[in-house]
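Chain nomenclature is as follows: A, B, C and D, assigned in order of appearance, with residue numbering initiated at 1 for each chain independently.
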Amino acid sequence: MIVILKPNPDKERVARLIKHFHDMGLNTNYSEGSSTTIIGLLGDTSRIDENDIMVYDLVERVQRVTEPFKGVNRKMHPQDTILEVAGRKIGEGYFNVFAGPCSVESESQILEVAEAVKKSGASFLRGGAFKPRTSPYSFQGMEAEGLKLLLEAKRQTGLPIVTEIMSEKHLDLFADVDIIQLGARNMQNFMLLKELGRSQKPILLKRGLSATMEEFLMAAEYIFAGGNHNVILCERGIRTFETMIRNNLDISAVPLVKTLSHLPIIIDPSHAAGKRDMVQPLSRAAIASGADGLMIEVHNDPKRALCDGAQSLNIPMFETVMADVKRRVAFEEKQLQTCE
Amino acid sequence: MIVILKPNPDKERVARLIKHFHDMGLNTNYSEGSSTTIIGLLGDTSRIDENDIMVYDLVERVQRVTEPFKGVNRKMHPQDTILEVAGRKIGEGYFNVFAGPCSVESESQILEVAEAVKKSGASFLRGGAFKPRTSPYSFQGMEAEGLKLLLEAKRQTGLPIVTEIMSEKHLDLFADVDIIQLGARNMQNFMLLKELGRSQKPILLKRGLSATMEEFLMAAEYIFAGGNHNVILCERGIRTFETMIRNNLDISAVPLVKTLSHLPIIIDPSHAAGKRDMVQPLSRAAIASGADGLMIEVHNDPKRALCDGAQSLNIPMFETVMADVKRRVAFEEKQLQTCE
Amino acid sequence: MIVILKPNPDKERVARLIKHFHDMGLNTNYSEGSSTTIIGLLGDTSRIDENDIMVYDLVERVQRVTEPFKGVNRKMHPQDTILEVAGRKIGEGYFNVFAGPCSVESESQILEVAEAVKKSGASFLRGGAFKPRTSPYSFQGMEAEGLKLLLEAKRQTGLPIVTEIMSEKHLDLFADVDIIQLGARNMQNFMLLKELGRSQKPILLKRGLSATMEEFLMAAEYIFAGGNHNVILCERGIRTFETMIRNNLDISAVPLVKTLSHLPIIIDPSHAAGKRDMVQPLSRAAIASGADGLMIEVHNDPKRALCDGAQSLNIPMFETVMADVKRRVAFEEKQLQTCE
Amino acid sequence: MIVILKPNPDKERVARLIKHFHDMGLNTNYSEGSSTTIIGLLGDTSRIDENDIMVYDLVERVQRVTEPFKGVNRKMHPQDTILEVAGRKIGEGYFNVFAGPCSVESESQILEVAEAVKKSGASFLRGGAFKPRTSPYSFQGMEAEGLKLLLEAKRQTGLPIVTEIMSEKHLDLFADVDIIQLGARNMQNFMLLKELGRSQKPILLKRGLSATMEEFLMAAEYIFAGGNHNVILCERGIRTFETMIRNNLDISAVPLVKTLSHLPIIIDPSHAAGKRDMVQPLSRAAIASGADGLMIEVHNDPKRALCDGAQSLNIPMFETVMADVKRRVAFEEKQLQTCE
């Protein structure tokens, strides 16, 4: 439910109204825009009578949100959400590149890649320590040891890190991670979503392979409902009937999310096709469509990568892609976030 | 890798050979059929030279398994797996009906439904205590309290129970549950799969909404790889472009699983379509296709069900469906497992 | 729009009412059931005022049909449609097997297969003369010559024939064909649908690979709208993300069609999976789900078949399948239509 | 099969070699690039012995094309195909916008839209005369009369026209049409593809709603195999599980087609989402991904459009989109084709 206030409301009276809602057991979301000021009400609003709110002088009108997603809904929060993580701004008007290997494999590997992607202009280092693999017999990641190496790479390069969590039990291990990634296969791991909702860590939420837009936003809503509003969405390709590529990038997800929600959305062109050669054209499409960033797999030796070698760029390729990304981000009049 | 033995092998020599494989750090799967006896080797068999095995006199030949799923592969275990749970046999030649409400809602509800489905011939009581819901604002199940009510229903009716787990943290709560269900949305929750692999509880593994057959079997393989061979597969409809029904039952999953694997497979016609009226025709198709059982949602008052009311049968409908199921299971010359 | 009449309406007054509707430029569909008699109105009914119809004494009530499909809608025609083709009844309560090779390849091939499938109990001979092939370089069928061979096989065996049309230009060539098949790839070839609607030939309409149920019924509606009510629907597998089999049989299509429409529906288990071994289990599922028939590919020498060899049964396999089909059709208390 | 020639081959000897291939009953495709010169061989090359070709002095090496698509394969024709239609260049390095209403509805409508899109910078006028509609009761287009109005609009504005054909029987009516469109639902109408292959008209081939990339290219191959090499591919959204939008634009089709084939590919952002607001962001993505053009639905009064109103831009919106398109096409260093 949205309470739209009259222009230039008195701060004190707004505070009193908000307290009133809290007393009713509701959470509120205050959003002050240039033209309208809104109080979004979260929780069980079914028992509220609009007239009881309309009696307040400063209220212009009251509107119910029909979509099942409330907190992540743009109607609740008309301005774009801009997160600030380790000094980088993430959201509309800014552009971040999250780059690094599929998996952390060794200290030298992660350090070499980290240095290189920093130099080319990435703002975050990505790398998997816990790896969700289709087969129990495949490399499952370096786990806790991999997390240590990521933190060491962060210490040496200054690059903040993003890495995937696979279990509620591991949350403590992620204390120094800058952004926690929730992978596509866990997008509807509701217990883990709830746990992440209780933390205040920024969460990078990847869309499930066959998740509808509504399900994707509802997964984000789980995190919101727990009180954590630091969510970044990531489209990474959907499963279709096509067999030539691994997934089909759903580019329409970008304008759809921008319409329906206030959250940032980035694109992962590496998983979206599963082919190295597609990373550049899909990155270009992502930037032009309005995405707020890219997540790109980079490896110092893709042929020997322990996972996803076929879709990983080598270091010179990434440099080339980044030069192109910079020109395009400038064309879109967005600020590329870097380590400079 | 499969080691096929010569006819009528000497028991002692077989035992010595198996010990030899264990000493090599491999797990084995011994399968004695009427015509062939097989030792399946699980683990890293890439470093094994077939010739080193062929030197054993009792070995007829050695064959590598090319599919990524090994332990669940019929090549490793040509006979059908028949599980025995609370006195019921589950697998080829037998037929079980798992019936009950989507969610446990109250003691009177679960007891009434349990008595009724037992009377109609169900062999297991199903009921959700922890519910995976798309929305954080929907009823999330009675949780631990729901489990207690299920166990109470079991005590009063003698019906063994199957209920869904959603978190590794809850495993202790499921100690007295007969079969633990892993839901479609958690089919690739690899940490939970590993945890279930370390238990010896029978696991009912539901196919993910867009999981390929290979991914489905690989999820079962995760449980196998941990040492738990008590797995029942469940096809519950796949996501397609159709909008008139919730999912499309993939009936071809039954013969495919029967060809590729030795595990039992059951069908959930309630979730497969999401419509009460489709339960009977889809159940008939399931029985005829060779499925080893059905999981059917039954509620004493579907209109007031806290979840999935539209697909739940009421008690008289279930009685009618079961009368039909009995005739058809008899036609297929399978033994219906009941409480008698 | 449906006009429901009062019980036991006077024939003459009904005739006058029907004439009245014809004078208004509408087509009518008269359906006399045991309990209700209905006049279905087809055409632009948007301008009709229900009250103008209610003035007629014999009218009980008037109801608009909200679905976009009208003529094929069960609401318009509550009884099942039973077609009669070459002495065979097709529809609810009856069961037909349409069998034969993917393509007609030679006189000896089609005659050998025709004799064999007749002997095993098929009621129709299927065979492709014009073949829709993905590649222009693949065998495109024997075309007009193939049609002649089919007619020769009909002459020698007495089996009526069903074969696919690919062009409006060929309609004259199909004059002696008993049932004209419209293939999956032409399900929305609207010009051909209209042309077939102007004929009175029975049409076997195959569902498109990704057609929704509504689109499928709307394709049938095109034929109906032209005045040809002799339509048999055929589900033949839908395209999904699965790669192990060619298509996934949508078994739920059978109960859905039976609910939504009065038309017969048959299943093609050969195309549905693309694998010989799946034909029997899928046929069993089809019969149990309520399908009115099966279309099965049979070849005298599948290994040398010019198309679809992998899914064709050889003659002894078909004999085995048919023995099983007969038992099951009897179990369902349906009448198998044969040449006897 | 590809015959790669040594550098700077003697023209006369090349001509003799080509004649030799023609004498063998093959079609040839001569492609002279800056670094390599290739003769592509089309037809039944299975019986050719590579050694018989290697004896020719000017031949460097011979290579078989493993993909089922041959003539449209980039291996056969390494340079991008640039068509020239009514003075516009279509293909790599150029950019065309095909704009106009879904359907021609009246003379004033088509003239008003034509003038407007010309003024904004479109290079072709699109408009449907024959309309493939899901329902037989929907507006089916103005048919032959609509074609006349399109030609009148062409006469008055100078804009060449593209319009859809639905039947082989109508080919004569399309004699003065500049580009014949084959719609998504007819992508595998093989008889019509063959007919269009016998013409020399440029064909705009739309991808089927669930066609794989290989099937799409094989449909183009049908046209090629008939001798018509004037094909433009058009990606227009694929069918998925998503329900919020009509289709999902498969942006990866652009780089895939550019890799696999030498043909131009354009994007239809109007059908891809079915929503007006998505046209601009999807157009931007299309340009950035490397597409050679856009097909956009524009109507002078979308609210009263007889079809597809929800996805049609009105004239001022189109002007805004085109201003943006121009800036972006310039950024990509491509030449926008216009009427100037």
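In this section, a contact is a pair of C-beta atoms (placed from the backbone, for glycine too) under 8 Å apart; a residue touches a chain by one contact, two chains touch by 3 or more.
Only a predicted model underlies this, so the values are computations on that prediction, with no experimental measurement involved.
J.: Can you check which chain pair, B-D or C-D, has more C-beta pairs in contact?
T.: C-D
J.: Please work out the Cα centroid separation of chain C and chain D, and write it as a whole number of Å.
T.: So the centroids are 35 Å from each other.
J.: Once you find the CA centre of chain B and the CA centre of chain D, what distance in Å lies between them?
T.: 50
J.: Among the residues of chain B, which ones contact at least 2 other chains?
T.: Only 210, 214, 239-241, 243 qualify.
J.: Quick check of your reading of the touch definition: is the inter-chain graph here a line, ring, star, complete or other?
T.: Graph shape, chains as nodes and touching pairs as edges: complete.
J.: For chain A, which residues count as touching chain C in their complex?
T.: Contact set of chain A toward chain C: 210, 239-241, 243.
J.: In the complex formed with chain D, which residues of chain C make contact?
T.: Within the complex, chain C contacts chain D at residues 44, 68, 70, 132-137, 166-169, 185-186, 188-191, 193-194, 197, 209-210, 214-215, 218, 221-222, 225-226, 239.
J.: Can you list the chain B residues touching chain C in their complex?
T.: Residues of chain B touching chain C: 210, 212-214, 238, 240-245, 248-252, 254-256, 258-259, 272-273, 277-278, 281-282, 284-290, 328, 331.
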